[in-house]
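Questions regarding the structure given below will be posed in turn.
When the chains are written out, they are named A, B, C, D, E and F in that same order, and each has its own residue count from 1.
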Amino acid sequence: MSVTKSKFRFLLIQAFSLPDNSRYALRRMQGPKESMLMNYGDVAHLLEDVEWDLHPGAPVPHGNWPVETREEFCLVGASRLPVVRAACESGIHNAIVLLGGGDPGYVESREIGRRFGIPVTACAHAQMHVAGMPCNRFSIIDISEAHNMRMHDLVVSYRFTERCASIRNINFPLPRPPEFNQRPIHAEKERVARGETSEMLETSIEESVAAIEDDGAEVIMLGCSAAYWMQPFLQRRLAEMGWEIPVLEGYSCAIAQAKLMVGLGLDASRLAFPSDSPKKWRRRKPC
Amino acid sequence: MSVTKSKFRFLLIQAFSLPDNSRYALRRMQGPKESMLMNYGDVAHLLEDVEWDLHPGAPVPHGNWPVETREEFCLVGASRLPVVRAACESGIHNAIVLLGGGDPGYVESREIGRRFGIPVTACAHAQMHVAGMPCNRFSIIDISEAHNMRMHDLVVSYRFTERCASIRNINFPLPRPPEFNQRPIHAEKERVARGETSEMLETSIEESVAAIEDDGAEVIMLGCSAAYWMQPFLQRRLAEMGWEIPVLEGYSCAIAQAKLMVGLGLDASRLAFPSDSPKKWRRRKPC
Amino acid sequence: MSVTKSKFRFLLIQAFSLPDNSRYALRRMQGPKESMLMNYGDVAHLLEDVEWDLHPGAPVPHGNWPVETREEFCLVGASRLPVVRAACESGIHNAIVLLGGGDPGYVESREIGRRFGIPVTACAHAQMHVAGMPCNRFSIIDISEAHNMRMHDLVVSYRFTERCASIRNINFPLPRPPEFNQRPIHAEKERVARGETSEMLETSIEESVAAIEDDGAEVIMLGCSAAYWMQPFLQRRLAEMGWEIPVLEGYSCAIAQAKLMVGLGLDASRLAFPSDSPKKWRRRKPC
Amino acid sequence: MSVTKSKFRFLLIQAFSLPDNSRYALRRMQGPKESMLMNYGDVAHLLEDVEWDLHPGAPVPHGNWPVETREEFCLVGASRLPVVRAACESGIHNAIVLLGGGDPGYVESREIGRRFGIPVTACAHAQMHVAGMPCNRFSIIDISEAHNMRMHDLVVSYRFTERCASIRNINFPLPRPPEFNQRPIHAEKERVARGETSEMLETSIEESVAAIEDDGAEVIMLGCSAAYWMQPFLQRRLAEMGWEIPVLEGYSCAIAQAKLMVGLGLDASRLAFPSDSPKKWRRRKPC
Amino acid sequence: MSVTKSKFRFLLIQAFSLPDNSRYALRRMQGPKESMLMNYGDVAHLLEDVEWDLHPGAPVPHGNWPVETREEFCLVGASRLPVVRAACESGIHNAIVLLGGGDPGYVESREIGRRFGIPVTACAHAQMHVAGMPCNRFSIIDISEAHNMRMHDLVVSYRFTERCASIRNINFPLPRPPEFNQRPIHAEKERVARGETSEMLETSIEESVAAIEDDGAEVIMLGCSAAYWMQPFLQRRLAEMGWEIPVLEGYSCAIAQAKLMVGLGLDASRLAFPSDSPKKWRRRKPC
Amino acid sequence: MSVTKSKFRFLLIQAFSLPDNSRYALRRMQGPKESMLMNYGDVAHLLEDVEWDLHPGAPVPHGNWPVETREEFCLVGASRLPVVRAACESGIHNAIVLLGGGDPGYVESREIGRRFGIPVTACAHAQMHVAGMPCNRFSIIDISEAHNMRMHDLVVSYRFTERCASIRNINFPLPRPPEFNQRPIHAEKERVARGETSEMLETSIEESVAAIEDDGAEVIMLGCSAAYWMQPFLQRRLAEMGWEIPVLEGYSCAIAQAKLMVGLGLDASRLAFPSDSPKKWRRRKPC
């Protein structure tokens, strides 16, 4: 594997880490890297020819629960930047993959990566770019009002408003104090694994069909990383109904995009992400 | 003045504060509030009927120089949120005005304000909204490649791409180590005050004329707060050339917008800024 | 109050006046200014620091009924311009507020105001600009097919098509010969005042909910001035259902926008509203 | 010719008529219909199979000079509507062609025509629709700052912003008191007729080339009817330079569009131009 | 008729011809020209003053059934180009009308026509241009998933996305092996002729109403030429329901547009359809 | 290498093949696959882990020169489809890469591939998708008026008009009878290889700088495959001038995109490319 060895050397960085004892954790915060990467089996084939490390994420600055509001996304995004900067400075990896569905700190991380010539990818950004390849229009199946609006902000700032048919809410918010989550997402996943009916999956199917029939979606993407586990199930169930539509989850898209960019020798454009003392400057920029 | 007393009670929050001994400071970090508010004379008439306080801004987290890159904007934005939250919790003010040209932390601050029913305004956001009132299309006169791209991000995320004719760069970057700024902005301001020629102002005139003649601008807005001092001079000089075009700086727009919102009993919409446990939720959101 | 005295001196101009004996009148055509301003109580707080006069409007040129078709809007708009011109020439006021929901004569009035340096505001224009401040997307609740299309024309010409989620028709047309109105609007208002059920209000609630759930509205604005009275009731009822959404009526928005423009020293841009012999001209204008 | 006799029976209505003694007249206000139709020779072939009458236009309400500002367009538009209504009521014609470059009263006239099942066409509207047939993108060559902005308003309200590459100003304003026109347009036309050089035509060539090379124009349309005489000269001169680009004037386009609509049995859509008591109404209208 | 003789000399070219013995034929492949033109009676009045010939279309290259998939449209389009080229070279006609609902080979045919100064029109292109004249927004009533996507491609490439409210599928696919069509379209037409109920027409009414009420359509256009026969029936039935909305079929629109272009002396713009060795070239083209 | 063996099995298909004796050939039409793939060295690293075959392309149907006009693109596109269909039926490859800059037959090939579950990529489509990853806005450097318009058609139909800053013409048309090319492109390439000055490269640099400074380009893509050889030279020269901007050629992008799609198990969406007898169909499709 000496050839591929030098080709792809990726660092995957989690969005944040929760305290060990948090009752709100949705994934493992330590252990072998494979165990910490949710749904590892779904992306293992893409990591076969990659030398990869996994950073567990900076400690969450706002409490002991996951990220859902804009305030939390901002705080978590800022806490992630030193991790990205340190990774770039280490010189070990040739691409950085930011895990997490709402891309906290992504734009800023690309700016950092740009200075080191290292491409940085993130889940929602990669999904939206991939979504345009097989079709014109995608819908986002997502978990809650607050998270929907984060996805909305990303669609706007990544300039995909014309290609996003809709954001569909299945209303399975992340756990958060003071109330303990009545419908924990990991329980839904386990139900599906046991062959039982999951309300989360059934609602996702229903909203996907509405996205197809009412909104014109030709691809479905999953918004929050806590919903990525549904990808194979949702795609299969829709196909069984006669809707042969691709369903995209973020980890595989972000890894695949990182490979594409390394393969093409690309990172962010210096014109879109200028340094603080650029060699050349432009008098005028259109929007 | 007992009537107006209860009407407008504003907290103005600086984008950040630099260490006392920073050689890169562009404004005073302590003293009477009027002395800490740059170009106070230009906005004094708008503050006459306002009870206002000024918060000097959270200490800058990234060094001892101002904000210009996306990374710096993210870090400063995050450091600002606890200030906003504390202000909302205090119950003293009925609106918050975020000072600074690139609106660090604005979207998140609106979300916080929303929970307390307090409107939050910010300079670039207010300028863009005001710019649309007298005309169709505005251009931004701004200071550097990196800051231009921050303004660009704001135009996109505030959804003003169709109304923004251009961003024009006068190339007067903010001071930053290791190199000491060759063309300090405060020196330019002093030159104009002395009736001398300022390269910064002359370049701004040149770029404003190009924005009018080539880009179709019908209003000019200044991008970085370090350039706001030029507003009366630029507007007058352009008028003397025959171009009677409004020039907008951010402090007055943000204060005026705060008054409008208080007058109308408005803050951010709960649908655009949902709480983490909203009473009602929507199945579908368009982009 | 000597300070505010000189600050805001507004003339409010009605869209038109009907003959005294018109059976189709929806508001009082004479009496104290407060009595002629519909729903005065809803905007009184905004007029507290304003010296204001009210012009009853030019006599309606097309008959003895209100304005609803495009033909009527054109005729009424033209009949209004001499009133605006005379007001500007008088030099008494520092802003003009055009009352009425469909903004007859507004674009032309701004051109006139521009020559005197006097800002002119109008209800729908002000509502659309205000609507963008708390959110991305508004819907218009409006009274009839014909009036809907007038609102549609305004959305297009003010360039708000991307922000207008929908125009919703409650189908309460204005009274007009030969048929006498079966469902007079003032009777609806009185019903609500008496605590009874109003079909007009109930339909407005229903259409507002559809606008929120189906169209993505984050703010509601009322289209026709004959419907402005519903603002507090509609907002409260929606909030009680869990939809905490701002509802905008036109008078308050137009007054608040006039204050903002006077505060900032703005009127229409001379580039958007050139005089007939401008000092400078441009070779090229984009659209 | 009995077949064509019944096919096309058009009334051409001038935008306005000036007093007989006006020194600002650009065309004849009385005489045989052919003599009152400017550049009759350019459109005669299109009128061969048409039975047509020409209405000289309602007297101009604002003075004794042509129309150029928005105020003047509004007043002239309103004064034209009774003429249109009377023509529709007469039942003599099966289409109405509104002459004049800035389409005063057009939208309202279509609404009137709709009630009688009579199509109404106007110059700029017809030109913009025709312009899209051979190409993607047109530019407007037009006469003055004020008239440019009228054309701009039409581009926006007719929803051609994406197809309009630019409006180019040749700065030949219409005559207007107090100053007498230094460069009368009819003198330019005579110069060209004599084979001499016309500054108006030369500037139009220059601006057309700029529109082609800089703005991406693929068709040129002339804005003001006072400039329509240039059509054959401008098209020929551009072709001689190697730019084989169609140039459109408004009379021929409006006549040809009227024939097309009569041929297809079309007038304005009743959904876009609802009557005041429509049989059916819609709950929702998008923008 | 010597005058009209020289005015309009059109060649109508069918999209393709099927083998004589094809069981999938929807129209006659030989006989008098009137018998080969489907629904001749609906367009006869437009052809009265036209000298016209009809080309039966190049033999279908892909089998013995009509065109529905993108592959078939491409093959048929290519097979049509020699017919167009030969027609242009013959010098007999002054316009070419391409029959068929999905416009196979249209863009390329315009390029060919351009070199000979001959305008070429096609059904969907003409319908979309005509649709914009009476209104803002049209919907397409069309026959099948595959054909819908062809219409979708045309809307995009003709740049009518903003004016197309929707494509509505009545699901009456064209006949195609191996399965023989269960619901042959000509049987539907015969049913309507006999005054019986046609499922195809009833579904079209249902989808048209949905287009009006839900999508904002103000004009209906029929997508596939096999559905053009419904035009008078659909328009009448909708009017009887109270929806007075124009319904457009392609033959009349394409003929009428050809007349308009001949009347105005227009063909495709040489800038949009450059020759392979143009006299002038442009450095830059916007999109 | 047994793992990668099964992963990527690509067929690269040339746009067309010219007769052996054509004097207009720009590349080799036979020999080892590496020799037939232009600039093989630039993409060799991407093919290392791919089992690939190269199809020389169907014989050009229109003559003995390359493809440049729309007519030629249509004919060549149609001639390519049987090759694609045969390749899909063979079952040997798991992706098809269409070579050539203007993507002849691409949309139809995707439809064919869809039925076999095989992704098909093409150069311009891949470049435009890749271009969006590092930035917002790309410009196309392209060879001639006619080819520019083909690229323009692709930008529109792929829906990248908002991201395409401009198409820039370097005016090096492909060879074509009757005139023999005065400035053969391969001579330019050889000049650069010899370290001499190439007018083609210098013009490309000039137009790239104009695209950056005037049009807002943040990435450059090369339009015609005959210009792909410039990629490394153009990127280096621009970087030496201080413009660190990615330059994209089509072969590498199309190969990399094929790998991404195989990695993610994606081909075209069945909703965007329905079969002729789909299991499910939708009533409504937006545009």
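Brief remarks follow.
Assume contacts are C-beta pairs under 8 Å (C-beta built on N, C-alpha and C of every residue); 3 or more make two chains touch, one makes a residue touch a chain.
In this text, all values refer to a predicted model and were calculated from it rather than measured experimentally.
The chains that touch chain D as well as chain E do not exist here; no chain meets both. Chain centres here are Cα averages; for chain E and chain F they lie 32 Å apart.
Per-chain Cα centroids separate chain A from chain D by 55 Å. We define each chain's centre as the mean of its Cα atoms; on that basis chain D and chain F are separated by 45 Å.
In chain C, the residues that reach two or more other chains under the touch definition are 159, 214-215, 272, 278, 282-286.
Under the stated contact rule, the graph of chain-to-chain touches is a ring, a single cycle where every chain has exactly two partners. On the side of chain B, the complex with chain C involves touching residues 3-4, 45-46, 48-49, 129-130, 132-137, 159, 162-163, 165, 212-219, 241-246, 248, 252-253, 256-257, 259-261, 263-264, 266-272, 278-280, 282-286.
Here chain C touches chain D in the complex through residues 68-71, 73-75, 77-79, 81, 105, 107-108, 111-112, 144-146, 148-149, 152-153, 155-157, 159-161, 164, 166-169, 171, 173, 176, 179, 207, 210, 214-215, 272-278, 281-287, going by the rule given at the top.
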